[in-house]
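Paired with chain B in one complex and with chain C in the other, chain A is shared by the two complexes that follow.
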Partner chain A sequence: MVSPVIQNLVNRLRRLPGIGTRSAERIVFHLMAAQGGEIAALADSLTELGERICTCGICGNLSDSDPCPVCGNPEREREIICVVEQVEDLYAIERSSQYRGLYHVLGGVLSPIAGIGPNELSIGKLVERVRHKGVRELIVATNTSTEGEATALYLVHVFKEDRVRLTRIAHGIPVGGHLSYVDSGTMAKALEGRRPLS
Partner chain B sequence: MWIRTIEVDGLRNLRSQDLECSRGMNILIGENAQGKSNFLEAISLACQARSFRQSTNEEILQFGREHGSVTASFEEGGSGGSITCRIALDERHKYAFVDGRQVTQITDFLERTPPMVVFRSESLAIGRGSPEVRRRFLDGLLVGLAPSFARVLRRYRRALMQRNTALKKGWGVPELAGFDDELVVAGVVLLERRRALVEDLGKIAARFQMEFGEELGLSYRATIPLSYGDGQTLEDKRAEYRSFLKRGLHRDRQQGTTTKGPHRDDLSISLQGRSLKRFGSQGQVRSVVISLKIAEIELLSQARGRPPILLLDDVGAELDHRRRERLFDAVSKGRQVFITTTKLEVLGLDFEDCRLFKVEQGEVGNKVAN
Partner chain C sequence: MVSPVIQNLVNRLRRLPGIGTRSAERIVFHLMAAQGGEIAALADSLTELGERICTCGICGNLSDSDPCPVCGNPEREREIICVVEQVEDLYAIERSSQYRGLYHVLGGVLSPIAGIGPNELSIGKLVERVRHKGVRELIVATNTSTEGEATALYLVHVFKEDRVRLTRIAHGIPVGGHLSYVDSGTMAKALEGRRPLS
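Right, the complex of A and B next:
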C-alpha cells in the first residue's frame, strides 16, 4: 500500500520533462531521507519561483525583474537583437558569455500543424522594438528545423522595408570537432555557410 | 558484411532465441503462419531499424510484452572485424545501439549496417500497384545507397505536411514562403536523386530483362519537370521549382494540398514499348520486378562496397522454374540470403554453404547443416 502523499508527489514530478516514474520515486525517497531542512528549502525555492518570476515586457525573457537583467543592463549593446525561439535558447547563448547585445524571445516558431501563426508569436513587439529603438542588426537564432528556417524567412519578409540588417546564426562543424565525425547534413550546411579567409 | 548470429526477444510470435547463420544461404522451412516471415522481419529490423512491412511497434511487439529486441552481430567479409547492432523497442519508441552504445541518429545506424534487399509477393506491386508503391521503392533504395538521404526525405515530408496544413488553414503568401522554401530545397535534391537513380536502375534492369528477350524501359514521370539545362546551377533549379509552386498556388489553395511535386510523381515502366501497368501479364510483371530487384542488388553492391543481405519471402512459389533459377543465380554469388519456403522442393536447387532452419510455432530450429 503506497501512501497517497508519496504517490501524489511522484505523480507531480513525473509530469516534469525528463523524469519518469523511477526517477520521480528516487527523488521522493531522497527527499524523505534528507536532513537539515532540505524539503523546506526546496519548497521555499519553488514558492519563490512561482511568485517572483515574471516575463520581461521588452524581450520576453523570464526572470525576477521587469525589465529583465539583460534588458536592464546599461552595458549591453542596444542596437543588436538576437531572436530566439525559447528562453532556454537565450540561456544557451548567455552561457557562452560572448554575446553583448539584447534578445527577443519569439515564444515558438511558425507551425501550421501546431496552430502557431505569426499572431501567436511576439513578432509585433519585435517590429516595434526595431522601428523605435534604433536597432541595426537582428541575429536570427531560431533552430535549423523546418519550422525554424521557415520562421527565419518570414522575419526577412517582415523587415524587408526596414533598414535593419538580418543575419542568420552560423551552423556547422562543432568547435574542436573532427571533420570525419561530422554527419553529411551538418557538413552540407557548413559548406553552404563558408566564409572568405582572404 | 554478413549476419553471424541473431538474437530475438519478445517479437511477434517468435520464441526468444539465439541463432547462428550461414554466410551463404539460409533456408527457413515451415508451414504457413509459423513465424517464417516474422523472422525475416526481425532481421530487417536489426539491419534497417524498421520493418519491411511498415509495421508499428505495437504490431511487432509480442502480445503482452512491453519491450522487445533484436540483436545481430555482423562480420566483415575479409578483415574479420565485427560489430553488434541492437534494436530495442517499446510501444512508442525504438532505440538503436551499435556495440553497446546508443545511436540517436538513424543515419548513423544505417551507415554501419549492411544494406538489404527484400523480395516478397507484395513486391510485385511495384509493377502493378499505385504510384506510391513505386515512389517508396525508389526512396527506399536511395536511402540504402546513401543513408544520409533519409534526412532529405524527412525534410521534404515535414515541409510538405506543414505547407498542406497552412494551405488548408488559408495562410497568406508571406507566412507560407518559408515552408515553400524548405519544400524547394529538399524537393530539388529529391528530384535529382530519383532521376539519376531511375537512369542507373533502368540500364541494369534492361540488361537482365534482355535475357528473356524483352525490352524494358524505365522513365521518371515528374509533376514538376525541371528543365535540367546545361550549366544550370542549384540556385537556378530552385528558382525554377519555386516558379512551378507559385503557378500552382491557386489550385493548391482550392484543393488544400500541394498538387505538384515528388510526392505525386511516378516511375513509368514499359515492356516491349507498352505500359507494364496497363498491358503487362502477371508473368511479365513478375519477371520485370525480378529484373528490378537484381538491378537493386547490383547498385547497392557497387555503391556501398558491401553486398546487400537478401531476404526472399516465399518467392519460390511466385516464379516459374527459369526465372527462379535466374534469380537464385544472381543472388547466391557470395551474398548472404535468407529465404523462406513451405516446401524445400520448391527451391529445387543445391546450394553451397547452406543452412536449414525449421520454423514451427515461433521456434526457429537448426535442422540440418551441411
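Right, the complex of A and C next:
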C-alpha cells in the first residue's frame, strides 16, 4: 500500500552507505514535508555531480575541473607529493589545512588476494611525475593496514634508485586521546616513532 | 580546495535528518565511485517524488494518486478509520499488515504552546467523514505524548453525540521486551490496560 514513487526512492536511498530502511523513510518524509524546492535542489545537485565530476589527469583527485583545484593552484608546493589510497584520504588531509604540497591518488592498495597488483594502481603515473617534475619528497600516507604498509614498502622499492626522499606520515596517540584508551598497535607505533624532546 | 560541486551536494545532504557532514561526504564519495548511472537514477527518483507526490483529499495520506492507494482500495473496510498524527505513523501501521480499515491523518496534534488548535488539524474533515460515510469505529492512534493524549480526549469530546465507537490503540510492553528494561510510564500503561486471561 506504499506509493511506488516513495518506495522507489526509499530503495535507492538505502543503498547508500550508512543509510538503512528507517533512515531512508525518515529522509523521504522530511523531503515531502520540506518547503521551497528542497527536493528539486537536491536532485539538481546530484545531477550536477553526475555530469561535472571528473578525475584529475595529474593526481587522480575528483573535482569539477581537470587539473583539479589542488594541481591547478600555483601556490601549492610542487616538489612534495603526498601519496594516498583514495580521494577520501586527500579530503581528510585537506581538512587539516596543514599541507601545502600536491597529492597522488593510487586508487587503492596492493592486495594479491583481491588481485590488485602495481598495474591496477596509478603507480606508473607516480613514477613519471617523480622523474619528470623534480619531486623532492613523497609522503606516503597509505593506511596502516597490512596492504597499506605493503604498498608503502613497494614504493620504497620502486624509488630506491631515484633521488626523491620517501617519508611516512606519523602514527601514534591521537591528539586529545588518553593513553589508557589507546589500542596496543597504536601504542607500539607511538613508542617506535618517538622523537627527541628538544 | 574542495570542488564546489561536491561541497554543494554535501551541504544539501547534511540537512537531511540523521545525516551529518561525515556521512554526507561518505555518500558523495560512494556515488562518485558508483557505476551504472546510480547518480542519475537517484536524481530521477527525487524529481519524480517532487513532481508526483500529492496529498489524498480523503485521508491526508501522501502518495502518487488521489485518492491514495488505501482509500482507493475497494477491499479495505470503510467503516473503521484509524486516526494518526502524521503520514509516517500510517506507514508504520501499514508495515504490520494487521490493519484493513482506512486512515485519517490529522497533520499534527493539539498544542496550545505551538499555537496548534483544532482548526490547524484536519478535524473538520474527520467529522464530515464520520457523519456522512457510516463510520462505525475510530481507532485513535496518536502518540502517548501529552499533546497526543490531549488530542485523543478532544476527539472523544467532538464525537460524544455521534454513534461512532472511539477506541485507543493499546500501549504496553513491546513484544520481545523484557519487563526489567521497561520504563515506568510504559509499565503503568501495561498494568492499566491489562486484559482478562481467557
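Quick note on the criterion: the second predicted complex is superposed on the first by the 197 of 198 C-alpha atoms of A that agree within 3 Å, B and C clash if a C-alpha of one lies under 4 Å from a C-alpha of the other, contacts with A are read in each partner's own complex, and residues count from 1 in each chain.
Assume contacts are C-beta pairs under 8 Å (C-beta built on N, C-alpha and C of every residue); 3 or more make two chains touch, one makes a residue touch a chain.
This is a predicted model, so every value here is computed, not measured.
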Note to self: Between chain B and chain C, whom does A:53 touch in the aligned arrangement: first, second, both, or neither?
What the structure shows: second
Notebook entry, point to check: So, does A:31 touch the first partner chain B, the second partner chain C, both, or neither?
Noted result: second
Check: First (chain B), second (chain C), both or neither: which does A:4 touch?
Finding: second
Check: Does the superposition put A:91 against chain B (first), chain C (second), both, or neither?
Finding: second
Check: Which holds for A:73: it touches chain B only (first), chain C only (second), both, or neither?
Finding: second
Check: Counting residues of chain A in contact, which comes out ahead: chain B or chain C?
Finding: C
Item checked: Residues of chain B that touch chain A when the two form their complex -> 105, 107-108, 148, 151, 155, 158-159, 161-163, 165-166, 169, 171, 174-175, 177-179, 181-182
Item checked: Residue ranges of chain C in contact with chain A within the complex -> 1-6, 8-9, 12-13, 15-19, 23, 25-32, 37-50, 52-53, 62-65, 68-70, 73, 86-88, 91, 94
Notebook entry, point to check: Where on chain A is chain B touching in the complex?
Noted result: 110-113, 117-118, 145-147, 149-154, 157-158, 183-185
